[in-house]
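Note that the chains take the letters A, B, C, D, E and F in the order they are written out, and that residue 1 is the start of every chain.
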Amino acid sequence: MRLQLCTWPEIETYLARSTGIIVPIGSTEQHGPNGLIGTDAICPEVVAAEVGERIGALVAPTLSIGMAQHHLAFPGSLALRPTTLIAVIRDVVQSLAVHGFRHVYFFNGHGGNVATAHAAFAEIHSDASFAGGEGGLRLKLANWYMGGRVQRLSRELFADSEGSHATPSEISLTWHAHPDRARPMTMTPRLAPQAEFGDARDYRQKFPDGRIGSDPSLASIEAGTRLFEASVVDTIEDYQAFLAQG
Amino acid sequence: MRLQLCTWPEIETYLARSTGIIVPIGSTEQHGPNGLIGTDAICPEVVAAEVGERIGALVAPTLSIGMAQHHLAFPGSLALRPTTLIAVIRDVVQSLAVHGFRHVYFFNGHGGNVATAHAAFAEIHSDASFAGGEGGLRLKLANWYMGGRVQRLSRELFADSEGSHATPSEISLTWHAHPDRARPMTMTPRLAPQAEFGDARDYRQKFPDGRIGSDPSLASIEAGTRLFEASVVDTIEDYQAFLAQG
Amino acid sequence: MRLQLCTWPEIETYLARSTGIIVPIGSTEQHGPNGLIGTDAICPEVVAAEVGERIGALVAPTLSIGMAQHHLAFPGSLALRPTTLIAVIRDVVQSLAVHGFRHVYFFNGHGGNVATAHAAFAEIHSDASFAGGEGGLRLKLANWYMGGRVQRLSRELFADSEGSHATPSEISLTWHAHPDRARPMTMTPRLAPQAEFGDARDYRQKFPDGRIGSDPSLASIEAGTRLFEASVVDTIEDYQAFLAQG
Amino acid sequence: MRLQLCTWPEIETYLARSTGIIVPIGSTEQHGPNGLIGTDAICPEVVAAEVGERIGALVAPTLSIGMAQHHLAFPGSLALRPTTLIAVIRDVVQSLAVHGFRHVYFFNGHGGNVATAHAAFAEIHSDASFAGGEGGLRLKLANWYMGGRVQRLSRELFADSEGSHATPSEISLTWHAHPDRARPMTMTPRLAPQAEFGDARDYRQKFPDGRIGSDPSLASIEAGTRLFEASVVDTIEDYQAFLAQG
Amino acid sequence: MRLQLCTWPEIETYLARSTGIIVPIGSTEQHGPNGLIGTDAICPEVVAAEVGERIGALVAPTLSIGMAQHHLAFPGSLALRPTTLIAVIRDVVQSLAVHGFRHVYFFNGHGGNVATAHAAFAEIHSDASFAGGEGGLRLKLANWYMGGRVQRLSRELFADSEGSHATPSEISLTWHAHPDRARPMTMTPRLAPQAEFGDARDYRQKFPDGRIGSDPSLASIEAGTRLFEASVVDTIEDYQAFLAQG
Amino acid sequence: MRLQLCTWPEIETYLARSTGIIVPIGSTEQHGPNGLIGTDAICPEVVAAEVGERIGALVAPTLSIGMAQHHLAFPGSLALRPTTLIAVIRDVVQSLAVHGFRHVYFFNGHGGNVATAHAAFAEIHSDASFAGGEGGLRLKLANWYMGGRVQRLSRELFADSEGSHATPSEISLTWHAHPDRARPMTMTPRLAPQAEFGDARDYRQKFPDGRIGSDPSLASIEAGTRLFEASVVDTIEDYQAFLAQG
């Protein structure tokens, strides 16, 4: 169930049976020479949509722009400052809370969002904590690429060529979703470098084509299809466990 | 060209020929008994995508959540506070400016966004103005439902039954985009009331089923298809005029 | 009744009979070669004061500095960033609400304030809407130059020479208020240009003497006196209708 | 010279001879049983206007609403939160700096503004200090009631009945400015209590009629006229010394 | 009692007998050629610790970084913007209020904090005042160097050589606390200049070695020991009076 | 070298040989029945001080109050909202950057700070990234309890009784630092529960005495001394590697 494709009376009905919702969250940023700029939004979006279909979970529209300041030296990358993203997540959660949603499951495609999303959760909980009351909200961030099945499959498929940005796994998954956009390409060097980084210029100096530690020449639609299925199963399991916590 | 489906080298190439981009902006909010909650995001998204195809314009991911505090008494509505939306628009524009985009065309589906978007533009321009410098940015908000062809067609099709929220025009357009979601339905009363409103409870008291002044029972896929085409042509014309201003 | 010239027991008495107040809001910014920098504050201030006298309405002190970043390339212009003006309007309205005022009528003299003021109203309403409660506040922005009588009279007096900044109408009204400041002057070119604009430098490049589309050489004290009377009558009518909405 | 009554070319001319400006700042808040709500704005406004006339100093429009949260339990009081007032002062100073003003003299009528105004000055200076640069701005807050001549005259006229809020001095000065608003009245008790206070309810519990330590029954138009003259002379001296500091 | 060295059950017990707490607040900034950068934090910290021991008062950890933008041109100085410090003080007070503390006594070592701390108190009180409720919080800022005994002793010891920054009194007190850090040194010129200042570069131009009006060559451990005792007694008296206000 | 105990000329000298600084960051929050409220600040503070001594590294004053909203239902806990802590970290780093520090090593004692600190780093880097420039700052957060030697020793000493809050390791370390505060105590139940948590009331309901998964009855001064030494060595190694990255 996609929230955008429901009417409000349908949501009223849904709330009588569930207080949970999945909110895909990603980023719009460079993903190396042949990766799609929307990779980190597309991955959680397509998996969440399928999860929603299979188990009747409601899925919010994707928060497509994330905390990606370090990618701004590559054309096309968009970024929200952390304090902006905190405000966005706060407003979305508080909107949902007005309606009676209590379990908000952010399904994430971008490592750069993790810290800020957790800071946002704490900012939201602070309202109740400083008021001495009980907010009653359950907030979780789950990364599609961290699911157990996905991690095992990535290791099996790509081993040490997975890297951490513009990975063959995520690029495969986007090609599964948009096969017409599959652009197999050799990489030079085959494996991108690994390093710590700070701001955008520092990032680009260290990772000239945008990749970190990965070899996306290994990506394929077939791998993407297997990763998609693995992630859907991981996520159904994890989301249902989240709801079951009460 | 959808930004999310491009690679960064493709955007680098694009920037050599154009400094313009279309950013669809909408809302996720109730649209009456049979309107989709995503109506205001879907409408500009589908029109912008087609505009992008026809003229090779770059289209950013849709900002799907807007200034919709007045709809929060209806389940499923999401809202950003105005100050949050201002921060989002500022960060998006400043991201684009890093890359050399100078013409940012926000293509809007939600009346509630208009004031806040203009406040955001002024907030962005303030940086240059207070610094005594030249920001050089051209920012425009265009509403799909205000295009000349669209307005003439809406009047022809729906006359005084158009109203101003959950209109037969916008609902028709979403049915054009998602024909499986078309849910023809009679309305009681046929025409919804009209009034000024303030916060969410006030809104719901005045508009119990969410509509303002409209009769969406008149909506149809056929009307949506005609409105779609009208809006695409309106928007190509308006966007090209915007770029031509220099 | 000017709030500044009352005592608090007088306001306590007033609140027993009315929950309405008029808050003039303007700007302090260049108004062309012979227009007063305070034009946009003076116009609503003098009209509101007279309205207050005639019908016993309470009038707050004028918010004299507005959203005017685009005028900052002309000496003497002052501006509040939109987010600052939002905070000011929010604090003023929340102050009034503490005392039991429910109808706050912002009477405006500056087009640049319109979007930001509406964003501010939405920010204020958001508090109630996100809390799931009823704020009960009625907020309106009315522009003196948009009243029916004023518009008809401006058209009659100045036709296509009215323009949209440093208009003969507003300049006439300030001369009615400050006849010793009347400075008739010919303009070169007679009619100023019209265009879209962004930040302050862009504005000054397009409108070198500050006017937009107007010929203030037509301004006169006599016209100002007629416009003053027209605006007072327009405003009494509009304010009373606002209160009558409940 | 009132900024609001000048044209921008006149300000351009002024800046060639002076980089100084006087910005009256006050408050709109209860002033006891017979004091005007606008007392703290009116006092600096009328003195500043006269100073401007006598020495050709430019005077900005009065910032009429101040940091007055503690008065909100009395009808008619308006307040800006400290963070809002900081933003206002910052924007005003930065606007002036764009034009080349370097000496901004805030002429204040309200004790409650003092801490926040100084915090605002530090916020403004922080921009230059954190950037490692030289802002070159000179900012001062001067309180009309702290001038040497004013203090001596207040002591001579009212001795221990002056108190610290709704003082006979400030009320006399407003009656000098608005003689038709003079409302002599006996006070019960004659002298209001003195105490520390926190929020608005605490304030009203401790000072039931709004006064602190004062006996405004001693106020008179005659005293106001003498105080006005004393303050004008104090202020000319202090403002000129401020400019002379370089 | 140092809060950091207690367990939460001990604080629960403490709250049954007292709602008061002492929060030392200082700064980390240059203190002239031989003064410690931590002077303004060390002074209130050591005095507060002793006060806590003698009368069983709870002492929070020191807020060691203050409003010190004007010192940023000297290596090692740290500063919080005023709006940041306001947020810190607000969060600390609101944390304490959750537990039932009602009397929060900020014990300060830095003149630059005074205005901002008072603005912070007003920001905190604003929450209750705008809500029309009673916050019930008592907030006080006391400066160790303003105590009666301390002022008399400083005058006796250092007379006109005390100055206002890097004073022999504060430097003596830090040497009492850290005798191994005592670094007697002659000063050139003996007395530092006095002046108004704005941002950091302005400060350094006027006070090349960091001192204002002081001769810290007079500092001694012995003087520090006497000042320490004087401040402890001043503070016990003042804090108990604060609690006794109710 | 403790920054607070240096003079500014000493820091000027230090900067000629190093651009690095260690900033201890912790929290002031409940640590179970017998753990000190200052545990998370004391641990990094004492280790950092020793590291500073051994290798001549500069150590800033400890940021003692952290992101601890979830502990607010236990008396004595203090918390900064995430957005406040972001502002604090930003101001501290920007202060250091003014002086030429380029490597800022936050040495942390509190898991709750991690996400917010990383969000703060991204907020700081955003300034350079959105400006299209190179900030050149290297920012790192290192947790004392995550060092290799510390982790091995904790496992050896406490195995599965370590848990994740009020751990025997951290309590041992505070007892090493403050042996007079060692309060051995049996725990009921011996091992505290483990769970996900949200706001403060939720936390207290799940962890009634404040511990998470730990048995601090195993804590000892002796263990603390060993952990201290392990952490000092871990940290010297990690800090030097951080500086060596360039």
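In this section, a residue touches a chain if its C-beta (ideal position, glycine included) is under 8 Å from a C-beta of that chain, and two chains touch if they have at least 3 such contacts.
What you are looking at is a predicted structure, and each value in this text was computed from that prediction instead of being measured.
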Steps needed, at fewest, to go from chain B to chain E via touching chains
2
For chain A and chain D, the touch-path distance in steps comes out at 2
Where the centre means the average of the CA atoms, what chain is farthest from chain C?
F
Relative to chain B, which chain has the most distant C-alpha mean position?
E
Measuring from the mean C-alpha position of chain A to the mean C-alpha position of chain B, what distance in angstrom results?
25
Distance between the centres, which are taken as Cα means, of chain F and chain B, whole angstrom
47
Out of chain A, which residues touch more than one other chain, so two or more?
72-73, 79, 81, 83, 91, 95, 98, 129-130, 132, 200
May I ask you to sort the chain touch graph into line, ring, star, complete or other?
other
So in the complex, the part of chain A that touches chain F is made up of which residues?
67, 69-70, 72-73, 79, 81-83, 86, 112, 114-123, 125-126, 128-130, 132-140, 196, 198-202, 245
Interfacial residue positions of chain B with respect to chain F in the complex:
91, 94-95, 98
List of chain F residues in touch with chain B within their complex:
129-130, 132
Per the touch rule, the chain D residues reaching chain C in their complex are 2-12, 14-15, 28, 30-38, 41-42, 60-65, 72-81, 83-84, 87-88, 90-92, 95-96, 98-100, 178, 181, 183, 200, 210
